[in-house]
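The structure is given below, and queries will be raised subsequently.
Residue numbering begins at 1 within each chain, and the chains themselves are lettered A, B, C, D and E in the order written.
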Amino acid sequence: MTTALPRWLYIPALLGAAFVLLPLVAMVTRVDWVAFPALVTSPSARDALWLSLRTSTASTLLCVLLGVPMATVLARTRFRGQALVRALVLLPLVLPPVVGGIALLAAFGRRGMLGATLEVLGLEIAFTTAAVVLAQAFVALPFLVVSVEGALRTAGRRYEVVAATLGAAPTTVFRRVTLPLVLPGLLSGTVLAFARSLGEFGATITFAGSLPGTTTTLPIQIYLERVTDPDAAVALSLVLVVVALIVIGTARHGRGAL
Amino acid sequence: MSHPAPALTYDATVADRDVEVRLEVAAGETLALLGPNGAGKSTILGVIAGLVRPSTGGVTLGERPLAGVPPHDRRIALLAQEPLLFPHLSAVDNVAFAPRARGAARRVAREQARDWLAQVGVADLAERRPHELSGGQAQRVAVARALAAEPELLLLDEPMAALDVAVAPALRQALRPVLADRTTLLVTHDVLDALLLADRVAVVEAGRVVETGTTREVLSRPRSGFAARIAGLNLVAGRWDGTAVVGELTVQGLPADEPLAPGSRAVAVFSPQSVSVFAEPPAGSPRNALPATVTELEPLGDRFRVRTVAAGVPLDAEVTAAAVAELGLAPGLAVNLIVKATEVSVHGVS
Amino acid sequence: AGDEDGALTVFAAASLTGPFTGLATDFEAAHGVEVRLSFGGSADLVEQVKEGAPADVIATADTATMSGLVDDGLVAAPVPFATNVVAIAVPPGNPAEVTSFGDLARPGLRLVVCAEPVPCGAATARVADELGVTLSPVSEEQSVADVLGKVVTGEADAGVVYSTDIEAAGTKVDAVAASLGPAVAEGTNTYPIAAVVRRGPAGRLAGEFVDFVAHDAAAREVLAAAGFGVA
Amino acid sequence: MTTALPRWLYIPALLGAAFVLLPLVAMVTRVDWVAFPALVTSPSARDALWLSLRTSTASTLLCVLLGVPMATVLARTRFRGQALVRALVLLPLVLPPVVGGIALLAAFGRRGMLGATLEVLGLEIAFTTAAVVLAQAFVALPFLVVSVEGALRTAGRRYEVVAATLGAAPTTVFRRVTLPLVLPGLLSGTVLAFARSLGEFGATITFAGSLPGTTTTLPIQIYLERVTDPDAAVALSLVLVVVALIVIGTARHGRGAL
Amino acid sequence: MSHPAPALTYDATVADRDVEVRLEVAAGETLALLGPNGAGKSTILGVIAGLVRPSTGGVTLGERPLAGVPPHDRRIALLAQEPLLFPHLSAVDNVAFAPRARGAARRVAREQARDWLAQVGVADLAERRPHELSGGQAQRVAVARALAAEPELLLLDEPMAALDVAVAPALRQALRPVLADRTTLLVTHDVLDALLLADRVAVVEAGRVVETGTTREVLSRPRSGFAARIAGLNLVAGRWDGTAVVGELTVQGLPADEPLAPGSRAVAVFSPQSVSVFAEPPAGSPRNALPATVTELEPLGDRFRVRTVAAGVPLDAEVTAAAVAELGLAPGLAVNLIVKATEVSVHGVS
């Protein structure tokens, strides 16, 4: 089934695409291709990339595990103060990441709310790799919640109702109807969360600091290189871009195959 | 499957749709809900299935009051008016959904599903996705899916809509054994569905039950306006002897859908329009000449409904005003009712 | 952190990135331990240490930031080990022809400086005060790197940063020679280094690293080569 | 129509909510309530807030004008390289904002790709409020595109097809069917874009710099204050949080009324 | 409205659904598409509306080949099998959609929409949202919406499905004047729709047209299996004189839906089952006794179809095998065909 789009629509669409693509292209033209291989394969760059991939994967997992239930509860139930809870859950989106980092320290730092409790348990979170994961998850979680909640709302409840009348218990309905139906939304939410984790900088540096191999993720490395070696910074940015493209591309491909 | 079918008691109001109804369905009975568009039929099913919250009153299934019981725990399957097949599952997996939800293994569930698909005549479409099905095909898959749930109470909202005329009788036959041992509510716009599948009929108009009774009562002597428009059939019960239904009267006819075993219980159905009124039995092709006595004449616009009794069985004929005058029809007059055997459809009664 | 696994974690101001990377290697060779470096804005690093970051040694770009740690008793007595002076950086070729600090007040000139709360911004403000120059920058940046970045890209006609940063940036920017004139003292920051007191007395290694940076002759040479003032 | 959710779902949902809310609560406990009124009504704070609101509104508008057509083209047409274009358009999500700022400089800066052209046209972007808007739009645009594209895909084309068979030209279909149907997605995309603009820091400071009243937005002000006056930083963060809550809440309310 | 209705030429294949069909619909003509579920009826409409891309061939409307013409420029309205009312618009705004898309002012469009809603009998639901409508109500609003588009070609996919029996006749009547001056394709499972609304019929089975012809031909002398199952009616044309259709034969009957003006063209319809065969004309209520000659006997399972000619008009009767034997029916025999007037429905022909 095909219907045409209004012609004029292509004008702002192209403008928008140009607006996003132009800076990326301009950046690529600045890359020093001769030095590129050396720059991106330096041990510090490799460490940072590897750390970024591991922490982003972990935080995305955390986001899915916590975010899908949150989105479902927000989309499928009504309770007092729901609007407030939803707005609060979306807050990390608006918070400058540095403020997010401050908030995380306020909660989980040594002098934070849970600091004493965590210390008794022998858990130190701040400035460890775990802190990186938490910082990334904190900023990425709203992406997942928004995507999945939107998909749940648009999909509606009709099929869930049918499944219930066929005798399927809530867990079965959730697993065999709800999740498959919102899979596109879940996938794009996951990609967004992963991408946001991969690019996370402000909250990470505030909450986790920057220790090579432990908390220095690729964006932090780029930030540091920017001072001493702008070429390396641009080269590493390109690596980040390529990784992101691969992730997004793969997810879209998987989604297409559904 | 193995639990005995429970009885249903319905007494609920849905205020914002102005639907206020009391209904009882006995254990194992099939009740047909008839009524015009917007009368409240789907609303009643929705309340029973737990999808529409009644403003007052409630539903009891067997001993269980259903207030507060979530839909999936009600052991009630609903075939809604739209097929609503799960778009991410193939036809067979749609049908296998309920068996699997009940815990059947994937293979077993799919096998059962294939059986059901075969029963509704779409076995070859098992692997299709819903968007690759035609309207009628989707409707049939939806019927199979509801039946595969094997619930204690089955709610069917116009299961025959969108079906072609060649399939409807086959589907009706597939439904009969399923409905026989199961408490069922069946919404339909088709008298034949009511006649062949239901034990009793309730007519709903504007959110109220305006008439209930056994299918025979309601279809042969409708009291409500809506039922009168669609029914008013002659029904003669007895046993099938191979060419005729033999009871208080003997009426020749033709089995409607299935071959009938001689000796089995059957009912002969024919419309008043097909009944000719003669002073004397004529010679000709009509196989049925039934002596009767006129009891009443009821004007119906440009026609008359002639109410008669033949061997204790009430039978109606519909004739023009001119015929009434010509034959001098009046209560008490002895007449011969002539009905062609090809106009009489004979249905097995279980 | 550090001591348990035989590694030493050093937090240092971003402007120290070049020399400290070399010093760490030397120290590793001499002591057979791993030195892990974490660079950042001085204020950021101080904040992190306050929050319990696993630093053994911290070196900041001015004494004001370090004093926060001293007040909280988180570091042993800081040792001043180098000085740095702000200078004017211009894009290669100096297209706006800036020759003195006074030129920075020229109308239409796109000047970028550090914001006052940042050490280099404080130094810049002191210099302007001393020279009686009223600066109207187009931007007050959060860090030296941001200032430098705008000069390197040619967005700004001039920026005030540390002379070591101009040195490190090589050919990407030019320095305006003798730009501060009589206000050199105002434009100079003293860099302190201190061992962090971490649950008990400062580790032996941390003390040795502080000593090494502040007093080892070879180390002093490395710092001097990077453009730092070493007394 | 109601169906129950699986009970166990509430456990991760609550955990997730706690994970997001705890840091926010912890931060609020750090606010110095006595000094609060003075801190948030200081001229610099008021200037920054006002600038943030103006620029975020402008950039959100820009995002809607460009992003809705982009999302529509991505969701409703097929062309070669579409997957790549989509991935590229989403890139600003993954790019650390500082890198985004570098890329924007590379494109629109004085020495950037379009620098000469812009100079001829008498347009100077760098260090102006316009640069802030561009930086915010660059990072916020993908949010809008993702939300709207997701909504378009979930809504499907069935109603658009019906509208076309009723003789509605593409523009009419777009205006009277497509947009109303995806309104919830468009609204949440708009909220996300606004929120992201409001919180934007890294790209802004890199591309636009920081001059009070012109380019110093609230997040930049918070970052500055953090060094000299942590109390003020926390207080301003709280202002940002409250503004964001109001925006999100209002939008959700509007959506509820649809 | 004002353009003259164009003719439709359809010659297209949809390979992946195995639908390969040639059809012609003359200007202003209404063609009914009959056929079993999954035969390809909706597919044909989809190709015409521009929603399904044919693998080969194409569609021409009037002089315009439609290949490459987007749906909205075809001036074709499609009422699909599902109502698909715009969920964000009220019923009246759904119906007003097409007038507004054509440029009518909001107020004018809504007024027109209200008229259309009244014509399909749901004027009182104008302000309801689609989710607040019952199944049949939604279907009627969808019909009104398609009609309001006033296209050159109208495609209706089972417009009567989900409608209650009381409404269907009224809707049929509302449709007649609309279809009269408009080229139309009508998919239906109901012979009566075909009979009353269509000029010609095409029967589709398994993706092929197996039979086309005027409605009368196909319904009275079906050659395809599917048509035979649902049709085989007797049709007698003439002019209505107040009690009978007078033409080559005079057949008394009752106007089906609407009052007929005496002198207007009409057709009398009755099924072969309702025709009794007598050797001599009997005395009784039946108003029609038509002398005829048997031409052929066709066995139909346990029945026979008796083909006869009465005053040049072919008429069929369906009788049991026993009756054939008893009356000694054979080709050439002169008989009297008896039909009750109440069994004859008379329909105006425009």
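What we mean here is this: a residue touches a chain if its C-beta (ideal position, glycine included) is under 8 Å from a C-beta of that chain, and two chains touch if they have at least 3 such contacts.
Predicted, not measured: the structure shown is a model, and the values here were computed from it.
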| item | value |
| --- | --- |
| Neighbouring chains common to subunit A and subunit C, by label | D |
| Chains linked by the largest number of contacting C-beta pairs | A-D |
| Chain at maximum distance from subunit B, centres defined as averaged CA atoms | C |
| Interchain centroid distance [CA atoms averaged], subunit A/subunit D, Å | 15 |
| CA centroid of subunit B to CA centroid of subunit D, Å | 59 |
| Separation of mean Cα positions, subunit E and subunit B [Å, integer] | 26 |
| Approximate Å spacing (C-alpha centroids) for the pair subunit C, subunit E | 90 |
| Where subunit D touches two or more other chains at once, by residue number | 1, 3-4, 102, 106, 112, 158, 161, 163-164, 169-170, 173, 223, 226 |
| Multi-partner residues of subunit C (each touching 2 or more other chains) | 47, 149 |
| Junction residues of subunit B, two or more chains touched | 51, 70-72 |
| Residue numbers on subunit C that touch subunit A, as the complex places them | 9, 14, 17-18, 36-40, 44, 47-48, 50-54, 144-145, 148-149, 152, 165, 168, 172 |
| Contact footprint of subunit D on subunit E as seen in their complex | 49-51, 70-73, 75-78, 80, 84, 86-89, 97-98, 100-102, 145-146, 149, 151, 155 |
| Residues of subunit E defined as touching subunit B within the complex | 35-39, 41-43, 81-82, 125, 133-137, 139-140, 157-158, 161-167, 189-190, 226, 229-230, 243, 252, 254, 272-280, 282-287, 302-303, 317-320, 322-323, 326-327, 336, 338, 340-343 |
| Contact set on subunit A toward subunit D in their complex | 1, 3-13, 15-17, 19-27, 29-30, 65-70, 72-73, 76-77, 83-100, 102-104, 106-108, 112-114, 137-138, 141-142, 145-147, 150-151, 153-155, 157-158, 160-161, 163-164, 169-171, 173-174, 184-185, 188, 191-192, 195-196, 198-202, 219, 222-223, 226, 233-234, 237, 240-241, 244-245, 248-249, 252-253 |
| Subunit A to subunit B touching residues, read off their complex | 158-159, 161-170, 172-173, 176-177, 180-181, 183, 258 |
